[in-house]
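Same chain, two partners: chain A is paired with chain B first, then with chain C.
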Partner chain A sequence: MKIIVCYKWVPDEQDIKIAADLKVDMSMAKWKISEYDKNAIEEAALQAENNAAEVTCLTFGTSKAKQSLKDALSRGPEKAYWVNDAKAENTDGFVTANILAAAIKKVGIPDLIFFGEGSEDSYGQQVGPRVAALLDIPALTFVTKTAVKDDAITTTRSIGNCTEDVTASFPAVVCMLPEINKPRIPSLKQVLKASKKPVEEIKLADLGLSDAELTVKNKVKSIQGFVMNRKNKLYQDGSSAEKVKALVSDLAKEGLA
Partner chain B sequence: MSDEEKFDAIIIGAGPAGCACAYILAREGKNVLVIERGDCPGSKNVTGGRLYTYALELVEPGLYKDAALERQVVREQIMMLSEKQGITIDYYNENLEENTSIPQSFTVLRAKFDQWFADKAEEQGAMIASGIRVDDLLMENDKIVGVKAGEDEMYADIVIAADGVNSLMGQKAGLKEEWNGHEVGVGIKEIIELPQDVINNRFAVGQGEGAARMILGQTGGIQGGGFIYTNKTSVSVGMVVSPAELAKQDKSVADIYQDFKMHPAIQKLISDGTTAEYSAHLVPENGWNSVPKKLYRDGFLMVGDAAGFCINTGTIIRGIDLAIVSGVAAAKAILKESEQPGIQYMKNLEELSLVPTMKLFAGWPQITSIPRMVQKYPDMINETMDFMFKVDGKVPPKMTGALKNIMKSHVSLFELISDGWRGFRAI
Partner chain C sequence: MAGIYIYSEEQPVTEQLLTAGKTLANSLNEKINVIDFSEQDSESFIKKGADHVLCLKSDHPWPESYAQIIADILKEKDPTVVLIGGTLRGKTTASIIAAKLQTGLVNNAFAIEGSGSVIETKRIMYSGIAVCTEELCHGSIVTIEPRTFDAAQDSDHQGDTENIDIQPEAKTITVGNVCPIVHQDNDIATAEKLVCVGRGLSDQNDMKLAEELAEKLHAQICCTRSVAEDYHWLTTDKYVGLSGAKVKPNLYISMGVSGQVQHVAGMRDSKVIVAVDTNENAPIFAAADYGIVGDLHEIIPLLTKELG
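Showing the complex of A and B:
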């Protein structure tokens, strides 16, 4: 069984600053593998350990995403593919999916393709299903559990307040929710092994994509922080019991109690 | 054990000491592993931030030119604060080394500098493994032969503890004891962002130039002091206070620091800034007298803060440069391939002037710990200033009498003599 797990290199949300004028400053941010994609990598690593799956990882990023390869490889995959292009600076689900699908075709469509449900920065939830559509294979989304048997994967999908078990035969795209597993903290030996694993850089030009396929559909004009306005209500009048009562009744009005 | 699990050297900690050591060893072809506990080098550091360039020159001449440095220090300042007043001694010197024109020192932000240094060591061929905690040392026949991290065991000819002020590895090796309260300070540091021009104006420095300021007084009467370093687009402000003295009173260190920051003479330097980081750390404060009696054993060396290398003269604090020098000393000892790298390491520390310098300043903590240094003397000098500059239309008191009165109101003659004697003996 072969698995390709895709991940995105994103700014660490802890380091993103929002100024008083709501401008978003990401210049000081360290970058990391999107947390939800770490779940996807972990799920692939578990398949490698339990079902002898052959796992590789794939990312589309700028030259800076090179830093992510060692981290990704220390989490289990045996090889990394990296589509290195400055276009990753300004991309959307449409372009990213075109690039990833083309890269997957180039290296050979595996049995399973894993994604996080959405990326930690834009959380568009587009790329996984789009890649499935481009490759004309099924997409299983909102997945909280996987089980592989013969040439098929059975997943539990968590949708609203119910779950759905869906089985798809290979090849298939699976997009996972964070509750599916707990990503490992790579051990010393895993980190050391990662630096010896192969990395293959793919040039965008080698993917044979047209200009239209590489032109974003979503044009981001600006990114702004948002402020949730507080009600700032003080309960000052009356006895403690009355104040509590007033608070509870207000919370009830908001549907919070 | 297989070959891939054995290194020539394992260095624990990717701070300046560890990176300097790794850089040289890797450059000379050694198979080096650096294990860093933080998610990336620099993430665990709190140092206020000043690097004396000579230390980097020992690693590789010219290396500083491409280093992640902030501003070249051209203003050395000492500030003494009373409640509302402050006197600043400001010494301007571009401090270029005579023959080479290399600037004497730069301010640094450790998150950037350590990352840069680790990248440089990696370029030389060292392997850096971040986000991993070393739990224990591996011993065989009383020799340290490797480290244990989680379930993983990794072997090396020599293990170098560059794991900072609390050096767990030094303790595991039986060389270092837990700190006593009087040996360390509690350091608080805040990075306050300000536009580059505003910093240039407030500190009267040009582009790329900066100031380093040590501050005495207004630490809540607690033994210690404050500092301000100018970075490119931020200032590092903070204080180091004695934990023992802190415990004797009610105010929290955060509150004391807040009051310190709100002093009118300090506040004007940092107003309208945005806090980017706020952190606290232990700082070795006791100089040579708190350096472990032995810094090595078979298969093991201690460098940097782990070895307690820090000098506080009251006018300057040195730690990063000593860390780098000790990393260089360790690397050179290992490269000599002698039977006893530990003894060679100590010899190198002597030759690179680190030990003699630390011994020279061994008595200094005696002076900085004079209780009157943090309140009475700063108050006295500010009142003296007030007298000298005061004009209110009345007849001023006679100079000699007034000055004597000011002195008497703060310290007794006996205290003055005893402090003077203590200072004299310490030097």
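Showing the complex of A and C:
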């Protein structure tokens, strides 16, 4: 069984600052593998350990994403594919899915393709099912449990008001919810081993995509800090009992106590 | 061809999308078309503003399997914009349709506005720190989460219904064991008052403080992701956040919640937010209307008592 797990290299939002003019400042941000994608990598690693799956990982990123490869490989995959292009700086779900689907076709469509439920930065929640549609294979999304038997995967999906078990024959795309597993913290041994694992860089030009397929669809007009409009009243005077009294009195004025 | 197309596998969500669709239809001077599966709903959709209802007649039980059929219809109709209910099923369906049509998709838009022939959407990025404003391409798909808009009002609007017999896709998947999630209490997404617990609780016994407060307020209890996923004190359907439940109660009281961006993204539409936490620098206070810095073991019982 072959699995390709896709991930994205993203800025850590804990380090993103919003300037006074609401501009988003990422200059201080450390970059990391999107947390949701770590769940997908972990699920693939578990399939490698329990079902002898052959796992590789795939990312589309700028030259900066090179730093992600060792971290990804230390989490289980045996080989990394990296579509390296500056276009990753300004992409959308449409372009990213076209690129990933083309890259997957190029390296060979595996039995299973794993994704997280969305990326941590833009959280577009569409690349996984888009790739499935482009490859004309089923998309099993919002998955909390996987079980592989013969040439099929059975997943439990948690979709709001119900859960359901969906079985698909290979090949299939599976997108994981965070509660599916707890991503491992790679051991020193795993990190050292990762340095020796192969990385294959894929050039965008080798994927045979047209200009239209590489042009973002919707035009981003602005990305600005979210303005929180709250009263921000802190009760600082008096005893705890007095603070609580003042709070309840304010809640009463709002008709809530 | 043109027009606004609306689809959701859940009829109440379609009624909410009609509210957004009507505003858009006015500013763009477009007609509203609804895609649905039940002829029974079409009269109600027309009363709520649909000009045309396309009723797809099939009995295939898996909503996601209609993506190809809906994509085929949309390809022929060449819509200006497509609004799809942003349920989890809806977002998957929308992604598949967008890929089939090679068009743009904005998931989880919280606002949509039309002016002249330009449509703009707003959605959150970076776990809620930022808002991304996008200008849509012609024929873009937009998903809007349930309860973002109220259901459209009935009127004497006139429209027509078209029945289309469809052949569902070949079944490459099998679906079984469909279980409704039984919420232990009521659904937190529609609760009017919520008490939220975070990791500031020192152990599970502290849940009692939350329960007593919730009982006094007639509130439901919810939690942060780690309380559900790491501590398992509540089930995962009770966690509020970007990847959990989005809530907008009239009153939201948090205790021991630090206020990570992902959590705040799930609760910041609440009408009034109260925070109690020991750490005065906790980001929850920036998201709160009223805050008390203090030990929740002391503050919460006082609050429960004071609410008498």
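The working rule: the second predicted complex is superposed on the first by the 230 of 257 C-alpha atoms of A that agree within 3 Å, B and C clash if a C-alpha of one lies under 4 Å from a C-alpha of the other, contacts with A are read in each partner's own complex, and residues count from 1 in each chain.
Operating definition for what follows: contacts are C-beta pairs under 8 Å (C-beta built on N, C-alpha and C of every residue); 3 or more make two chains touch, one makes a residue touch a chain.
Being a predicted model, the structure only gives us computed values, none of them experimental.
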Quiz item: Touching A:Glu120, do we find chain B (first), chain C (second), both, or neither?
Solution: second
Quiz item: Which holds for A:Ser222: it touches chain B only (first), chain C only (second), both, or neither?
Solution: second
Exercise. Based on the superposed arrangement, let me know which partner A:Ala86 touches: chain B (first), chain C (second), both, or neither?
Key: neither
Practice problem: Tell me which partner A:Val191 touches in the superposition: chain B (first), chain C (second), both or neither. | Solution: first
Practice problem: Scan A:Glu179 for contacts with chain B and chain C and give back first, second, both or neither. | Solution: second
Exercise. With the two complexes superposed on chain A, say which partner A:Arg130 touches: chain B (first), chain C (second), both, or neither.
Key: second
Quiz item: Hey, is it chain B or chain C that touches more of chain A?
Solution: C
Practice problem: Report for A:Asp250: first if it touches chain B alone, second if chain C alone, otherwise both or neither. | Solution: second
Quiz item: Which chain A residues contact chain B in one complex and chain C in the other?
Solution: none
Self-check item: Complex contacts: residues of chain B adjacent to chain A
Solution: 4-5, 33, 35, 39-40, 127, 129-132, 149-152, 154, 276
Exercise. Quick one: which bits of chain A touch chain B in the complex? Just the residue numbers, please.
Key: 17, 28, 30, 185-189, 191-192, 195-196
Self-check item: In the complex, chain C residues that touch chain A
Solution: 62, 64, 67, 87-89, 91-92, 94-96, 98-100, 102-108, 120-121, 124-137, 140, 172-181, 193, 225, 228-229, 236, 242-243, 250-251, 261, 268, 272-274, 280, 285-294, 298-299, 302-303, 306-307
Quiz prompt | chain C contact footprint on chain A (complex, rising order) | solution = 11, 13-14, 16, 18, 24, 36, 92-94, 97, 117-118, 120-134, 137-142, 158-169, 177-179, 212-213, 216-226, 228, 230-236, 240-241, 243-245, 247-248, 250-251, 254, 256-257
